[in-house]
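Paired with subunit B in one complex and with subunit C in the other, subunit A is shared by the two complexes that follow.
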Partner chain A sequence: MIRHLVLAAALAAVAAVPLLGRDYYATLMLPFFAYSVALLGLNLLFGTTGLLSFGHALFLAVGGYAAAYLGSTLQVRSLEAMLAVAVVAAVVIAVPVGWLCVRYVKIYFGMLTLAFGMLFYSFLYKFYGLTGGDEGMPVARPSLLGRGFGDLDKTSYLIGPYYYYSLALCVVAAVVMWRIVHSPLGLSLRAIRENADKAEYVGVRVRRYRFYAFVIAAVFGAAGGVLLVVPTGLASPTLAYWTHSGNLVFMLLLGGFGHFFGPLLGAFVFIFLQDQVMSVTEYWRFVFGAVLAAVVIFLPRGLMGVLARQERA
Partner chain B sequence: MTPLLEARDVVKHYGDVQALNGVTVTVREDEFVSIIGPNGAGKTTLVNVLTGLLRPSSGRVTFKGRDVAGVGPVRLAGLGMARSFQLVNVFPGLTVAETLAVPTLARCGRGGRPFASLGRDADVREGVAEMAALFGLTDKLGRPARTLPQGDKKLLDVASAFALRPELILMDEPTSGVSTHDKTAIMETLVHAAKRIGVKAIIQVEHDMDIVFGYSDRIVALHQGRVLADGPPDAIRADDRVVATVIGRLR
Partner chain C sequence: MTQVLNLLLGGVFHAAALFLVAAGLQLVFGVQKILNLACGSFYALGAYAGITAVQTALAAGVPAPLFLLVLIGAGLTLGLLGPPIERLLRTIYDRDEAFQLLLTFALVLMLEDVIRFVWGAAPYQLGGVYLVYGQVRLGTVTIPVYNFVVIGAGLAIAAAMGVLLTRTRFGGIVRAAAENRGMAEALGVDMARISTRVFTLGLVLGTVGGALVIPAGAAVNEMGIELIVEAFAVVVIGGLGSMRGAFVGALIVGVLKAVAIAVYPEAEMLAIYVIVIGVLLFRPAGLFARATA
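The block that comes next holds the complex of A and B.
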């Protein structure tokens, strides 16, 4: 009951942000929605299944470039079409990559995903004709549910209809992921995380379910990637760079990968902390390194671990 | 009648080490077979070969007439053979109910469904409740496996194998690490549960001779990778070689 109230209050607060008249903070919420969608997927792989990917930004890049390609090259301006193409592209790439990666676990899985992420980065960087190379590709402003909102300037579009579109997509993604985590597949994945050898002996198709988790995570990653590039108006190779994958893992650790909403809290704190620290010092990476070390040492269950403890107490 | 499980002339070597040297074992329906032998006799290797985990260097392993050499545990579970382990092997973070739901879902072929509701699955609910009742875990359904006492962990481990409703179950020292007093209680629970869910045959590896002679229909004594003796308990007890090499040492 309390949990439902907290959730409803959080949702209401997020929905009210554009009404506060602080446009800047509303625009900061846009990457939060994008990362939330992506991290819900990534945490199915890490928190639920126990596989830590260091290359997941690959799929955000797939989504980002799908949106850019559709909008700029093919002149298709529908965000729904961009999301659909991004999801299909993510599946097409995740099937062979996942098929290979789930044959390995722990550090080997992590390194293999890192390698594929960097491979994709190189592809984006080198194939200038197709991807725009280091300059990336511009992302045209998409229509939402068939409406172009041509009368709105960029900021009004972003913190108006686009804001609520992203929020709605984020809610849908959370509901879908909640169902997956609490489905038979979700339970099988947790069994795999807890004891993969034992899981096999009670009939769990370990490799196949890990593969499912990988593909689902990729789909969420690509959808998040689409949401991420619309506000910035640019899909660039750095989307796939390994530090971006590192940031995703950082957000999971920061928020707490053991809790369903931990990744969302992690994304929120990461984005606002980064904004604050960057405005104070150019050495923000140094500060973030220290924060990451502190989280791992003192808050192994992340910020959500602290909040959940309060809730029980 | 064709045997339920049959290993014929099985040889398994690891490099120069000969773990099994031409072992033939058959298990028929309604049999409780114990495998005994001193350390290093090849018991664990035999169990791993019988459960499709290891491919024999030569020889055949058939289950219900089908070649199962090296097929792996998932296929074998699907065919109707389950296994429990010598060392307690649970899912530490899953509750008792969740632990029993995993094999129940696998048995129904639903373990990979991403959108079905777990809570509304009547088969799972019934399967979990039945297994928990058979193994005396009903009032611990909500507890994470890691918080259970050792004896209950052992029961949960075996119960999760039983939840596959196998035709044949292979137990590697089902009572190891349990006090003498609890051993008999665990064995009674296992045998009762096996009858209730229709397990056709049980194979166990066991060191405790009271358990071995108390429950077995047949005993297979291994020594240095070979079958030293194979027969009913009375014949084994009367076999001087077995007494000298296996029973005597264990006593």
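The block that comes next holds the complex of A and C.
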């Protein structure tokens, strides 16, 4: 009951942000929605299934470039079409990559995903004619549900219709992920995390279920990638760079990967903390490194581990 | 013909640096079972510190030909950072590898900004000493003698590491600890001390590697996070924990990269990752599967 109230209050607060008149903070919420969607997926892989990917940024890049390619090259302006293409592209890439990666666990899984992420990065970076190379590809302002909002300037568009669109998508993603985590599939994935041998023994097809988790995570990552590039207007190769993957895992750990809402909290704190620290010092990486080290050593269950009763997602 | 030779030498030159960083990675992985993402940052640190040390030494009147010793000295001095960093990592030895990886990622973030703070964001170069030892002409190409010095130094360090690990008491203990940490401890090995030493040795391999190659190029802020991915490729190809694997893997990656740049520049990094993925598919434990270090 209390949890529902907290959730409703949080949702109402997030929905009210654009009304406060502090446009800057409203625009900061946009990457929060994007990362939330992506991290919900990544946490299915890490928090629920126990596989640590250090290359998940690959799928954010897939989403980002799908949106850019559709909007700039094919002149398709519908965000729904971008999301659909991004999801299809993510599945097309995640099926072979996931098939290979889930044959490994632990550190080898991490290294292999990192290798694939960097493979994609070097493809984006080097094949200038196709991807724009290091300059990336511009992302045109998409229409939402068929409406172009041509009368709004960029900021009004972003903190108006686009804000609520992102929020809605984030809520849908959370609901879908909640259903997945609490389905028999989610239960099997948790069993795999706790003891893969035992899970196999009682009839869970470990490798296949890990593969499902990988593909689902990829789809969420690509959807998050689309949401991420629209506000910045640019899809660049650094989206796929391994440090971006590292930051994703950082956000998960910061929020607490053992809790369903941990990733959302992690994304929120990461983005606003980054904004604050960057306004004080250009050496924000040092501060973030120190924060990460402190969280790893002292708060292995993340901020959610402090705020909420332990409940494994 | 000489073009090919030039190409190969360029590859081997890069391989020497890669080997040193990868060897540090292997050593620490062997004993502490931690995949240290910060190895690349140690390399970058060595490069920056090497430049400053040589510039200071030259300004103080040290004759130019001695700069090699100054570089190595700078790399070794950075070894002082080993014990405190190892002490930090010690807090998570018994945790899940996800935490260990993330703690080293935290080190990467911090060290990158330490470098930016001390040396600034602009590329930093050590001019004037690269050609001090002269050049050799091979047909149509000239190759700085210093390149051979670095390759020689890489080989010498590889040989020294081999002797250290297989012929000395310390090496025996390190291998025992890599094999079975608990048993080594039960037999009276002071694991805390061994861990500190091994980690420091791994760090020094990286910093010396960075210091040695820097006369040939420029130090940039991102050099650490770029090199670590290549070093990863090296250890995956060679096999995690294997010194011989690091040696062969570094040669493969170094030469492959040089060839790719010459033949089809777009494939520079692609080629490396294709090999990595191929090795993981067909020999998942790497070419030298049996851990020797």
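The definition used in the following text is that the second predicted complex is superposed on the first by the 308 of 313 C-alpha atoms of A that agree within 3 Å, B and C clash if a C-alpha of one lies under 4 Å from a C-alpha of the other, contacts with A are read in each partner's own complex, and residues count from 1 in each chain.
Operating definition for what follows: contacts are C-beta pairs under 8 Å (C-beta built on N, C-alpha and C of every residue); 3 or more make two chains touch, one makes a residue touch a chain.
Because the structure is predicted, anything quoted here is derived from the model rather than measured.
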So in the superposed three-chain picture, is A:Leu130 touching just subunit B, just subunit C, both, or none of them (first/second/both/neither)? neither
Once chain A of both complexes is superposed, is A:Phe46 in touch with subunit B (first), subunit C (second), both, or neither? second
Check the residue A:Ala168 against both partner chains and state whether it touches subunit B (first), subunit C (second), both, or neither. neither
Between subunit B (first) and subunit C (second), which does A:Phe54 come into contact with in this model arrangement: first, second, both, or neither? second
Looking at subunit A, which partner touches more of its residues: subunit C or subunit B? C
Could you say whether A:Val202 touches subunit B, subunit C, both of them, or neither, answering first, second, both or neither? first
Kindly classify A:Ser188 by the partners it touches after superposition: subunit B alone (first), subunit C alone (second), both, or neither? first
I'd like to know which partner A:Val306 touches here: subunit B for first, subunit C for second, both or neither. neither
Quick one: classify A:Leu292 as touching subunit B (first), subunit C (second), both or neither. second
The answer for subunit A against subunit C in the complex is residues 46, 52, 54, 100, 103-104, 106-108, 110-112, 114-116, 118-119, 121-123, 125-127, 242-243, 246, 249-250, 253, 282-286, 288-290, 292-293, 296-297, 300
Show which residues of subunit A lie in contact with subunit B when the two form their complex. 179-180, 182-188, 190-191, 193-195, 197-206, 208-209, 212, 216
For a test of understanding, state which residues of subunit C touch subunit A in their complex under the given definition. 35, 37, 88, 91-92, 95, 97-99, 101-103, 105-114, 116-117, 225, 229, 232-233, 236, 240, 265-270, 273-274, 276-277, 280-281, 284
Enumerate the contact residues on subunit B facing subunit A in the complex. 72-74, 77-78, 82-83, 85, 89-94, 98-99, 101-103, 105-107, 110-119, 121, 124, 160-161, 163-164
